[in-house]
Amino acid sequence: MRPSKRQPDEMRAISFERGVSKHAEGSCMVKFGDTHVLCTASLEERVPGWLRNSGKGWVTAEYGMLPRSTGDRMRREASSGKQGGRTLEIQRLIGRSLRSVVDLQALGEMQITVDCDVIQADGGTRTAAITGGFVALHDCLTWMHARQMINIERVLKDHVAAISCGIYDGNPVLDLDYAEDSAAETDANFVMTGKGGIVEIQGTAEGEAFSEDQFGQLMGLAKQGIKRLVELQKMAVA
Amino acid sequence: MRPSKRQPDEMRAISFERGVSKHAEGSCMVKFGDTHVLCTASLEERVPGWLRNSGKGWVTAEYGMLPRSTGDRMRREASSGKQGGRTLEIQRLIGRSLRSVVDLQALGEMQITVDCDVIQADGGTRTAAITGGFVALHDCLTWMHARQMINIERVLKDHVAAISCGIYDGNPVLDLDYAEDSAAETDANFVMTGKGGIVEIQGTAEGEAFSEDQFGQLMGLAKQGIKRLVELQKMAVA
Amino acid sequence: MRPSKRQPDEMRAISFERGVSKHAEGSCMVKFGDTHVLCTASLEERVPGWLRNSGKGWVTAEYGMLPRSTGDRMRREASSGKQGGRTLEIQRLIGRSLRSVVDLQALGEMQITVDCDVIQADGGTRTAAITGGFVALHDCLTWMHARQMINIERVLKDHVAAISCGIYDGNPVLDLDYAEDSAAETDANFVMTGKGGIVEIQGTAEGEAFSEDQFGQLMGLAKQGIKRLVELQKMAVA
Amino acid sequence: MRPSKRQPDEMRAISFERGVSKHAEGSCMVKFGDTHVLCTASLEERVPGWLRNSGKGWVTAEYGMLPRSTGDRMRREASSGKQGGRTLEIQRLIGRSLRSVVDLQALGEMQITVDCDVIQADGGTRTAAITGGFVALHDCLTWMHARQMINIERVLKDHVAAISCGIYDGNPVLDLDYAEDSAAETDANFVMTGKGGIVEIQGTAEGEAFSEDQFGQLMGLAKQGIKRLVELQKMAVA
Amino acid sequence: MRPSKRQPDEMRAISFERGVSKHAEGSCMVKFGDTHVLCTASLEERVPGWLRNSGKGWVTAEYGMLPRSTGDRMRREASSGKQGGRTLEIQRLIGRSLRSVVDLQALGEMQITVDCDVIQADGGTRTAAITGGFVALHDCLTWMHARQMINIERVLKDHVAAISCGIYDGNPVLDLDYAEDSAAETDANFVMTGKGGIVEIQGTAEGEAFSEDQFGQLMGLAKQGIKRLVELQKMAVA
Amino acid sequence: MRPSKRQPDEMRAISFERGVSKHAEGSCMVKFGDTHVLCTASLEERVPGWLRNSGKGWVTAEYGMLPRSTGDRMRREASSGKQGGRTLEIQRLIGRSLRSVVDLQALGEMQITVDCDVIQADGGTRTAAITGGFVALHDCLTWMHARQMINIERVLKDHVAAISCGIYDGNPVLDLDYAEDSAAETDANFVMTGKGGIVEIQGTAEGEAFSEDQFGQLMGLAKQGIKRLVELQKMAVA
């Protein structure tokens, strides 16, 4: 039995609230149950130095947690003077995931930065950030399309979404909340496209090593979950 | 005529939404028009080193802006490796303001950190942070009172709230939004208690120096505005 | 009775020693009693990036304290790796104050940096820095005028000086020294021009809130003090 | 055809040179072809703060690259003032991997730090570091066993090794060198124990997403490669 | 001919002004011509961690330059976020030099920090800092002796002073000023005790290598100069 | 008797292994007994800003120690966020020493960075780094000569090598190892050219001051040692 009484293959309530920022070209407050992440997509005309005069654009991401988004207050990274390894790891993952569905050549020499700030955390913040970040990115590209800066059909090749799975109390379960995440034997994050292609897999044994079989079960759950997330994204941006 | 069509002594729509954080002992999303600040009050059992074994507690504040809370995306302070002078200045002001209505002796050796994170900015973020931070602090103390950790009557001596005023296009106006703030000749922030005592005054001439008379007019507006803010705080926490 | 036996409206002995630096275009050792601040004004031909090709110049300030300028040795900011919030707050104040009397357009695309380094501290370092920084700035502009780089009449619009006031032992007093500053109930800093215009006001209740009346008394003292400081500046640069 | 003419399932020449450091309790220069990583295991008697008085020990890792270990000289991280995201990500992975085969309770309150410094890089530095780091850790534990500080049989539960796989020019290949790594469509790292349990999986699509089938092929190659690495480790430490 | 018209073995005008700081236990403004260094010696009761409970004390030094102590304004180290290599090198040298004449056992578990801040620079700041730092240290020890905290006879074993020499325009000269320093072929700093013992020698060829003979000439000049500096120190502290 | 049983004027076994890096234009693993330093010389086409368009090139050095190159593990400088004073001091010394034998005009506008990373430390790492760094630099210049980028005869004016000497147990000895270094009364480093010119001298009294006579004995040993080192360099690069 899961702490939340959910079925093994049952995700939390998922919602996307678009247009939450007055300023950003695209924005989305994504909720996976009690995990709430504010995603904004900001258009900038300058690209990183190594892309200058290449004709190609860039999509990057930054991630942060508000100090009291968590059960115990965390030290503010701005105050400690650096972003921790976990933060850097997550924002690199979000950036790679979003780029996997963007044609950077078709985007042209512009940069979109997707900021994912965790307002409230209850497990799965990185998967929520990718899934909601896609919506913010989509809306930023729509904004650009409306201004004839790009052709969104050519720039955005597919959907992308992410979900976590894990082995909790011996059973494979989908979309771990914090209570499960901190007790899970194995924890895996999957990022997939709307067409079902795999973009990222990260699996970690917290205690004992896991078997190929168990990993296969997790992937099965993830495929099912991401299929549903993409449907929800489509409904949200329709 | 103000850009927002408001009367000179008219504040923006003010609202306090309490209990917005699942984790924090006290929390409040405060809105001054399009300026939205998430305030959380976090209780910690350890105090700063210089207060250890003094029997006295501490209230402190931290302030941050989400990168795209502003019209142009700002660099994330966690990524640039330090908090800027403006950030440090504001969070010191919030902390002093909140401490002015707390009896630190009656609080006892505990620390409350009030985090004020700007979700969306449209001028007046520091005054919104103080005004909403008070509500979060109040609710944290209520939480402690309910657990018989303190007697809130003895700890919380008064209300405290803040408002900006300025001279815009030659006229004194109350509660500047961003359009006014960036064009104002003079900009002043006032922090006052529920009983009308002054806690902080900060007045700055942006271009020409201002006169004592003009300053008196700003203070008149501020007194009126803060009186109204305290009424709204009282309704919110009733 | 004040610890220094001064009358409530009596400032400490004030002196300006000009030309104390062999290298700087303008320099001044300013003393407010035992508070000694070395101010140098340095001319640089490059302006900050956001002013390039604007035809406008810039005046900025930096502030520092020698480690043993204070009663107890403070940690050197260069060694701790960053400037503290108080330092940043003060140097922003000095810069704004000096810019309030400079016509940046008439200065032309050049930058003057006024460094204010506290050699010995006994309260009121920021007000001494502004008041002495003006003299260093004046002498730098005189140096430029002599070389026909600018017309000082057009660049320097007025004098600017600063003084602190406070409520000590229930009485409003002018120009607090350290003994008073650390015990004052209320502490305020005023920056005004030679013509009596107000440039900056910063008032802070250290313990109890203060009333509008009390603040009026402080402003009265400040006006009187700054009038005297400007007379002394005029004698110094005559 | 692979640039190195290797068969798809052929690893590079692997070697372990033990005892290369005069000072470290355990050390190993591991070579995967032209990738050379110096691994040292250092015993320290103090554990991180959160383990003090827990009776449990800790194994952690740090990773670095010499500036000219790579084709183009990289900036020295000590000089740039911080470790990059990639470095932090890799050293966290090495630490988790090594801890997966250590019984921290049986280790007792001591810490072992495994430093993995890349002397020469040609792809696969993180997998070489884990595989060679295990040998250094093993020798450190042997050193402790010989001094009757621990019982190595109880502390070290299994072997652990790692290998990369990828899809290069459309074909799944084992143990990518730099030429392959920089051109691969998909890149995956696997960490497994001697008994075949999976400890970590990280798969990334560099360009196009990959399919579940392709991922299965990579895992098949990895299992085969890690089996061989564990045999080589056993021969090395025999 | 030297730019200053001095004889090859002629030092600049040297002066020591003691007691220049109201707060420091010992202080001295030392001048070597236009090079002015403010030296303060601060007594602290805590020693570095590695000396705790050893019964031994510590003498350390810090060095800094005011931003406009030099011909061109230098960036403030507090603002750039770190002390440069030259600064660290010099303050380590000052510390070692002063410790060479102190019996740390006889000092007892206390720390004296000698801050040497360059108010105006014209070459030879490190040698002035050592020579004047000795006077500040002496006066701090006298202060302690007067309070029966130490016996200065036992703590302070000798005098210590420093001077630079160099080969300028082919000739060995004593006490280089900035004009000579920046053009010298060889530059050497000598630190010696009152009894003539050598504490530190640092010789550097700026362009061509120098010969043992030339070095001997520099040492001859240095011995003569330091002998005179020690006489001046003795007169100053008499 | 020296701990290593060496004669007073006997150096440790010295060896140079060239071409140890697959990537660097020049490289050398230098060993002075158990002190092992990996030196790589990297050619870059851009020079520091202050040399741009000057027609002159630059040779610089960086120095680092692997964390467990020493008896006790040291904290990694990349992780502590800055290079210590000793590191900066040493890398400045290496750079100056190597530049003393290079004609920067003849090199042309290119930069060579010599990285000296201590793989294992047993005293004398800086002298080994200079001596081996010369070999790496030589091979980098040979590489450039072979590609007709420079004429090595004109660029490389001489050999340069370095050795330490000290007074151990009352006797002057050559090439201190760690056991001697940590107990020596006086420690001196000499850098000289193949023609016998002196480039750098650094002598430090660790406890008692030393006499001119003693210093002369150390210099005598150094001349003899460096003569031998230059012979060995010549054999190595022949």
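Labels A, B, C, D, E and F are assigned to the chains in the order they are written; within every chain, residues are numbered from 1.
Note that in this section contacts are C-beta pairs under 8 Å (C-beta built on N, C-alpha and C of every residue); 3 or more make two chains touch, one makes a residue touch a chain.
Keep in mind that this is a model prediction, so the values were computed, not measured.
Under the touch definition stated at the top, subunit E and subunit F share no contacting partner at all. In a homomeric contact, the two copies may use the same or different surfaces; for subunit A and subunit D, over half of the interface residue numbers are shared, pointing to the same surface. Think of subunit D turning onto subunit E: fitted on CA atoms, that turn is 120 degrees, to the nearest 5. Rounded to whole angstrom units, the spacing between the C-alpha centres of subunit D and subunit F is 33.
Centre-to-centre separation of subunit C and subunit D, using mean CA positions: 59 Å. Each chain gets one centre point, the mean of its Cα atoms, and the points for subunit B and subunit E are 51 Å apart.
Touching of two or more other chains is recorded for residues 81-82 of subunit F.
Shown here, the protein chains touch around one cycle, each chain meeting exactly two partners. Round the ring, from subunit A by way of subunit B, the chains line up as A, B, C, E, F, D. For subunit C in complex with subunit E, the touching residues are 21-24, 27, 34, 38, 40, 42, 44, 62, 64, 66-71, 73, 76-79, 81-83, 87, 113, 115, 117, 119-120, 122.
Residues of subunit E that touch subunit F in their complex: 82, 84-85, 88-89, 91-92, 96, 100, 188, 192-193, 195-205, 208-212, 215, 219, 223.
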